[in-house]
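Given below, in the form of structure tokens, are the structures.
In the two complexes that follow, chain A is the common piece, with chain B as its partner first and chain C second.
Moving on, here comes the complex of A and B:
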């Protein structure tokens, strides 16, 4: 028994392979699109994982610190540390800004203020070391493009990059730069010099603060204006044997703060923060899948139409319909298989080039393979129908 | 042989399919979630640490003065300006004395009048003395006459009474005289007090120094205690250092310091901890120490007051112990430890850490033995028994080593 499909493919194999590769690139784009969506979700998860927290304590009635802004006084952490079930609590600040590199160009990054040796610190490095000085050192994600030893500028201070890490991103995919908490507090709330000068002038023009009979009042007011003791959130690690809700409830009730557990935070990040962009990509993915399916169907259909005479000859010599149908089906599946492999390899190769993280999951690939094969099989039915309707007389007519 | 082209074609196709499958297998196993995590490994070694304390501070003057009036008043003149060097006792500014000079003149007149009153009192004493002498002689003579019964006892008594009266008048005159002397003393004291007040409106330099601010101009009114001028002693500059309480272990007076001023980042200065304050800042969780400059010894430091400085305090070298880079330290469920490679699988080994140095090395007190392979860098967070691939470096070697 000879393989009709194999013979036919061998007959015009270059055409077949080229068609398969073209199809493969299309499948690759579809897989990449799925990867972009997975990457967005994974960015959100990476943000939660990297913070190393079990609970997030934020300002009451806010959904901070990632989805909304939240501001707490930095001594709140002491009260939280005293609550039952809290093993560790650490202040943290987040703010997204342009960070200037040594070459003068700036990179968009999320600057994270962390307390050394506490949760919030990058969990792993790829080069260099963790922060050891309490000021003016930074650990950066490799995506920022900063090198070890580089001097970067955040607001008015220069920071030395002492360590590099990887996959530390904000929910928006911006790479993170970790600096000491006190520096971050200053950087976050520090105005530029002109604004400070203007504020000072404004205050000194206010007769309530600049009273001739009370020397020193103006200085005190101005000192008060420039100091900052705020943070965005307190990261809490649970003591063994305590459940997140069990610890969160007393903090909510007695400290009058909002507390999110990991599940709640995931809900906020995945379901609320990236919901619209995820739907956008999902919509695009659906359209792409439909278009791919249509193209596959057309390719197989035209391929069949191209050898209508050969099929007529086959019929003329008495080939059974089943054999002809299986030939077309095998070819369609083969095309789908080649397409899938090319697509998967292509997607894997170009995924790291994307500026934001593209996560290609094996289960997505398996789903993609199954969907491709099903679509190919469905598409081949159209071609099979046409082939079976061919009049054997067409071979000689 | 006629099958040859077909055979070749088939072989070609098989090779292509094989290639594709191999590529698929490679991308499935070497990239993405199934790929092994690339890590770098170091073997733990013994060594010594040079720990140090790092902090930032501002340059301040150890000795500074606020020169101002002790009573409210108007500034008459300011004689020096910001940046001027002044000597101790130099006139810096003067307050408006208002009526002090007039009151002095009035006191002078009162003193002159008191002197006149004193002269009058002296004359009265002289007069009373003369009268008393006359009364004494008369009384003596009448006593003699009365003894010879030449005059009546009544006449004698009249003379005796005259003498007693003259005595009393003399005493009154003398008392009056000493009263005028006391009056003069009082007036003199009042004048001296006013003179002091007059001198007090002249603001003098309390010590050698440099004027750092001129807060009031001639004509402006200042309250008691408000500064007109501020002085500092430029030779007494030091750095008020703030050190994170958590990293301040070993902070004592006498430690050698390396001071980097913000204005001169490339020329570090030498210093020494002059004082460690007993009171720490409870809000910022910082301890406060003062660092005196030791270089250059003679000339004043070219630093401005309020300038930001970074200070590194060198602590004594630690005894030999196992050392690890701090990048390898992980915190897992409240435990501090490292990923130790057991064969080719990472195993979490809890450790107890000791002192650490600013260059990122930390002492391991227990939990590991010398020569244990420990994961330093990893591409992502490791888990117990994860597949790892040991490489030399995770990022290109073009990057320099961390300072």
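Moving on, here comes the complex of A and C:
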């Protein structure tokens, strides 16, 4: 038996291809939306992987340093280093800001303050070298667009880009710029001159700090206000033979700090931090699926209405209902297949142009194909119902 | 016109169609309309008869009953040696009955636009289970007999009206049915082409020993029938036709 659906598609291929392309662009958007979600999850994992930490020690009762602000004194790290099972511990700061390039344009980036040779430092470089000097050097992710040797401005100081790294992004997809911890502490908490002067005036006007009988108190208080010894987190690497929970519990208990294991941090980043975005994308996917189904149903229904007489003739000459239903179903599936191929190609082509990372996974493509085919099959039921209701007598008139 | 291929029937049939006291009532009670009141009709194998009547006389209803598309209310219908209706259908699968034992020729050819000429004709034997190659072979034989073999690979939209009608006749003959029902087959054609179609139908009837009923209003072809059934107010009246020569 010949394929009636195949012959019909071959006969009016231009109509099918054009319709399939329209549908394909919609499917391409759907695949891209899924890719955006995957990219967000991957960014979150990249952030955790790149930190090189097994445990994150943060301010008590916070979910920092990525989901909430967290502030610790930078000497906390010494106490943590002394805890059993801790192989290495390092201070780290994170803050997101507009970093100004040499051309005057600025790029949104997450500035990370790290200690040289410790956890938190970029794991690998694609060009240049790691930070070696104590001040005014930076390693930037290639996504920032900064070049080796370029002078960039963070707050009031200029930094020279000495290394370039890749896939070092925040959970929000902003590329990272690594600078020395001391610079970062200053940049994070440094106030402008006017604010410093106002603070000094305010403090000196306070009789509690400016006592005539206590010389040096005012200077000490003002020195304390302008210096920063805070960090956002301590990154911990475990000694061999120790489990994360085994090491985390004593730090929580004895240091009165919050400690997250890798699993806990993943939970915060993936399940909490991007939960709203994921729901948003999920809603878009549902809407796009419904719109795709409606379009396929409308197209197949219209095509079927245009063939009512031929269907009546087919039924009159003894074609089985199953054959007619199969013809319409195959056409819907064919349309879906054309649409999926166009959509997949389109998504692959435009994904790299997106400002945020779009991760197109093969398993998402397979799921997308199956969902497309199921949607097309469901969408064809309306047309099939109409075709099966056609009276063979309509061929006679 | 070429000679019709000599087919061997798959089952022994004497052919022809016999209608006795056929009634068809639409609706029930006060709204009931008796479209066919007492229809009697017989067409022998190899014979072409005309069925004529004014609009609303019941021609279409009779054609639909004969074509097993709608169920009569009462009466008897015999197709070949088989009683197919006796106050109820005696055949369980009407679709197969239509496919294998009744050929249809319509006012417009209604060829399937996405199949080429050969496959339009071969579709019926394929639906009946004949292998594609054999079905196409049979289709080509019929197209040759109807002198359109040179258009075998063409799409229906590339054919002239006369060629399309010949292909539709070939399709009606494809499963070698004992009966062909032709509904106004010459209506859109000019005199010359209308007579050519009638010539073909007569030749096919003779060669394949098929009984052909032609429903028509067409004054051009009415004189060509040897027998005509007039249908008026749901009754049939048989008349001798002129039987004008078609050669």
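The rule is short, and it goes like this: the second predicted complex is superposed on the first by the 364 of 397 C-alpha atoms of A that agree within 3 Å, B and C clash if a C-alpha of one lies under 4 Å from a C-alpha of the other, contacts with A are read in each partner's own complex, and residues count from 1 in each chain.
The working rule: contacts are C-beta pairs under 8 Å (C-beta built on N, C-alpha and C of every residue); 3 or more make two chains touch, one makes a residue touch a chain.
Keep in mind that this is a model prediction, so the values were computed, not measured.
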**Prompt:** So, A:361: does it touch chain B (first), chain C (second), both, or neither?
**Reply:** first
**Message:** Just checking: does A:386 make contact with chain B only, chain C only, both, or neither of them? Give me first, second, both or neither.
**Reply:** neither
**Per-residue touch tally on chain A - higher for chain B or for chain C** = B
**Request:** Kindly classify A:229 by the partners it touches after superposition: chain B alone (first), chain C alone (second), both, or neither?
**Result:** first
**Asked** First (chain B), second (chain C), both or neither: which does A:75 touch?
**Response** first
**Message:** If we overlay the two complexes on their shared chain A, which of chain B and chain C does A:127 touch? Say first, second, both or neither.
**Reply:** first
**Prompt:** A:203 contacts which: chain B (first), chain C (second), both, neither?
**Reply:** neither
**Asked** Do chain B and chain C land on any of the same chain A residues, and which?
**Response** 10
**Request:** Show which residues of chain C lie in contact with chain A when the two form their complex.
**Result:** 60, 63-64, 67, 69-70, 95-96, 98-100, 104, 106-107, 110, 112-115, 119, 123-124, 126-128, 132, 155, 171, 183
**Asked** For chain A, which residues count as touching chain C in their complex?
**Response** 1-2, 4, 7-8, 10-12, 309-310, 313-320, 323, 391-393, 395-397
**Complete:** Seen from chain A, its contact residues with chain B in the complex are 6, 9-10, 13, 17, 49, 52, 75, 87-88, 116-117, 119, 123-130, 132-136, 142, 147-149, 160-164, 166-167, 182, 212-213, 215, 229, 237, 239-240, 338, 341-342, 344-345, 348-349, 351, 359-362, 365
**Message:** For the complex, give me every residue of chain B touching chain A.
**Reply:** 6, 9-10, 12-13, 16, 20-21, 23-24, 27-28, 31-34, 54-56, 221, 223, 225-227, 243-244, 246-247, 283-284, 310, 325-327, 329-331, 333-334, 356-360, 376-382, 393-395, 398-403
